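Multiple structures follow.
The two complexes that follow have chain A in common; it is paired with chain B in the first and with chain C in the second.
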Partner chain A sequence: MRGATVTVSLLLASGALAFILAFIAGLSRVSENKAVRVLTMIYVEFFRGTSLLVQLFWIFFVLPQLFDIRLDPFTAGVVTLGLNYAAYASEIVRGAILAVPDGQTEAAIALNMSKFQRMRYIILPQALRTMLPGFGNISIELLKGTSLVSLITLQDMMYLAQNLRAADYSQSLQVFGILLILYFVLALPLIVLSRYLERRASRGVASA
Partner chain B sequence: MTGKPIVQFKNVKKSFGDLEVLKGFDLDIMPGEKVSIIGPSGSGKTTIIRMLMTLEKPTGGEIIVDGENLWHMEVNGKLVEANEKHLRKIRGNIGMVFQHFNLFPHMTIMRNCTEAPVQVLGLSKKEAEQRAVQMLKKVGLADKVNNYPFQLSGGQKQRVAIARALVMQPKVMLFDEVTSALDPELVGEVLQVIKDLAEQGDMSMILITHEMDFAMEISDRVAFFADGLLMEEGPPQELFNNPKSDRLKSFLQRFSRV
Partner chain C sequence: MEIFNWSYAAEVFPTIFRAMFVTLGITLASFAVALVLGLILTLLRRSPVKIIAYLTYGFIEFVRGTPVLVQLFFVYFAWPLVPVIGFEMSAMTAGISTLGIHYSTYLSEIYRSGIESVDQGQWEASRALNFSKAKTWTKIILPQAVPPVIPMLGNYLIVLFKETPLLMAISVNEMLMTARNLGSQVFSFVEVYTIVGLLFLLLSYPSSLFVGYMERRMNTRYMRKAKVQKMKKEDVIS
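Moving on, here comes the complex of A and B:
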């Protein structure tokens, strides 16, 4: 099925966007600057609090009308999925950063590290461990979320399956049966990868 | 032990909300001097050195480190609140060992000791490792360089934490109840390391401790804090054998040394 190529490239592009944005937003949420914190919070709560499908329609159908911003279906899909899942993932980033004990920051201050060095070398490496299970979840969710782009005419697996079914209604069971398996097969590497990363990151743990 | 003090507290106060933990005290630490701070819990002892380490901001008074104001800086002739850059400049003189070690769990012992020298002092990895090994030898743990903190006992962790602070070569080292979180049988090894340091070094040391015998043995001077005030200070023999205030007398009685 060539729809799988679209689904996978959509997953990779929006996944990359989501994780980059998640780090930016997650770090902004713990910023000392209140304006930065509040602005990020508004973004996060807006994208978490409204429907992904509606967001997709806004970016694909409403933006062109309002601001004359025309995105092709793929870009619109990547942008919406990226923004939406980044909002969720940023909460994982924020929570993980806050979960690192204060003593770690204090020790880093006592060694006269700068704010950047503290975050980069002491806090984030430890927080990353806590983030991994959440990130694994989000990436699998994201894969399944990609199926919504079929509704903005992007020809992913879901879209093509609908087409096949429309051509021959008696084939529903086979078509959607195969579709289920396909999504699962795509999710499998994500599951395995996040397990592997978690195991690798547990090096040296078990409390300070 | 003459000349200018390395650390001066001038009428330093600290409140947390409505709670006034330190009600204004003066204390000078001379270069190379070892000063123990004793007193009942809640008397603000830990807050004193946390303010010196810039982990806590004083609500009044001044702290002078090596002639420079720690929490304030001069801009166009006016004293203003210190910024991060100023704090970092002065903070480099000071090192600290914490009650709960605070080793970095994701790094080997070696990297715990070399990360800051490389990042902050700009040493090469090789130089930093040489220094680290030298300091780890001092605390008797040079064979643990490739271990992670969780593989060490509490006493060993605390000795690594001491080595990690030493690698930065501070002029003043702060010890915040460094044996309080340890099993009793592990206290000795850590105290021994600190004692060796005290005997060798021209480094100033401020120790918060509940180990009275230890304080007596290694300190040049002991300061007794209670109720947010510096009640008494002086040479250890004088303070322990001839306490003037009732507050100190009753405090020492609870440590009845048999």
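Moving on, here comes the complex of A and C:
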């Protein structure tokens, strides 16, 4: 199953994009500048409000027509998955930042730290611990989301499985059975990791 | 060529709008399946027979760990080939049952959080009053466990709604499929896909606002913050 490499690289690329964007969007959601806040809110609500598959089709089929931006299936897949899951992940970032007690911010102000220092050294390190389990869950969702790109003809595991089935209908059971197991094997480390992070996060911080 | 053809958009809108009701029907039907099946899974997981509890747990993890699309293909194409228990079904049935099964595993987690937040004393009290097991569940535990988690169930209804376009992969005529058929007649997908996107937004955003409102109300009403909210944080993501 060569498709696995496509699936995994898609997962990694869109995962990286999603987490970077999520940080940016999450930070802008708590920005003091109202315009920035509203703009990111629109972005987040838009991507959370519509279906991933519809977005994928829109970016792959409509963008070339509308603005003459042509993306190959892989880029389109990465961009859509990245943008979509970044919207969900940014909510986690925002929640985690807001969950840091106000006293921490006040203490940082009292210590005469700049806004940047406050975020970088005080808030983020604490927020990060709360974020991690959520990120683990998101990456599982992302893995599952990658199967959709087969519908815009990217040759990932799903797409190749469909081809195999088309070649011999009587093999459907084996093909899709194996495919299910493959996806689960890929997801398993992520599941275990996120469970572990969840346990750790709830243990370490609770006493503080 | 015009960039966005308004008259064409107006022309296809009624067709897509009609397909929207198919989408809504699928959503409600599979959510009903998920609600019932989710409850069954929750109860099985709490079964005193260890093997049943573990098998259920394994099933839940497996279903949650694999993509809906693959499950959909498995149910539609591969299930009829399974010896003895396999049977063929229409694309619509396959779609509804796959979505139903997939989301029942998520819903079962929510029920679980609701059940666990019922006070231990309630169990003891119902035992002291000599309630049968079935009575304990139906009269004491579930009426307290379910209402506080209704907003979270609502969240999943919206998630489920956004997953329905997947069914186009097995050629169910829902909104996106209709849009694609229309678009391929004139080789222009701008209008049709934009309309579909906007309709989704139009339906799901107000409902998510409503769910958020319900959630705040429930929280003040039930004051079961600690446990339920922790679960919520983890589950909102999907």
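In the analysis below, the second predicted complex is superposed on the first by the 192 of 208 C-alpha atoms of A that agree within 3 Å, B and C clash if a C-alpha of one lies under 4 Å from a C-alpha of the other, contacts with A are read in each partner's own complex, and residues count from 1 in each chain.
As a working rule, a contact is a pair of C-beta atoms (placed from the backbone, for glycine too) under 8 Å apart; a residue touches a chain by one contact, two chains touch by 3 or more.
Computed from a predicted model, the values in this text were never measured in an experiment.
Contacts of A:V30 after superposition: neither chain B nor chain C is touched.
In the superposition on chain A, no contact is made by A:L98 with either chain B or chain C.
When the shared chain is aligned, chain B comes close enough to touch A:P125, but chain C does not.
Of the two partner chains placed around the shared chain by superposition, chain C is the only one that A:F184 touches, whereas chain B remains out of contact.
When the two structures are aligned on the shared chain, A:I138 is found in touch with chain C, with no touch to chain B. Using the contact criterion defined above for the overlaid structures, shared-chain residue A:L151 touches chain C, although it does not reach chain B. Counting the residues of chain A that each partner touches, chain B and chain C differ, and the larger count belongs to C.
By the touch criterion defined above, A:S51 lies against chain C but remains apart from chain B after alignment on the C-alpha atoms of chain A.
Common to the chain B and chain C contact sets on chain A is no residue at all. Residues 101, 103-104, 106-115, 117, 121-122, 125-126, 129, 203-208 of chain A are the ones touching chain B in the complex.
Residues 53-55, 84, 88, 91-92, 94-96, 98, 100-108, 115-116, 119-120, 148-150, 157, 161, 164-165, 168 of chain B touch chain A in their complex. Residues of chain C that touch chain A in their complex: 3-4, 61-62, 64-71, 73-74, 77-78, 81-82, 162-166, 168-169, 176, 180, 183, 188-190, 193-194, 196-197, 200-201, 204-205, 208, 233-234, 236-238. Residue ranges of chain A in contact with chain C, taken from their complex: 45-46, 48-55, 57-58, 61-62, 65-66, 88-89, 91-92, 95, 133-134, 137-138, 140-141, 143-148, 150-151, 158, 161-162, 165, 170, 172-173, 175-177, 179-180, 183-184, 187-188, 191, 198.
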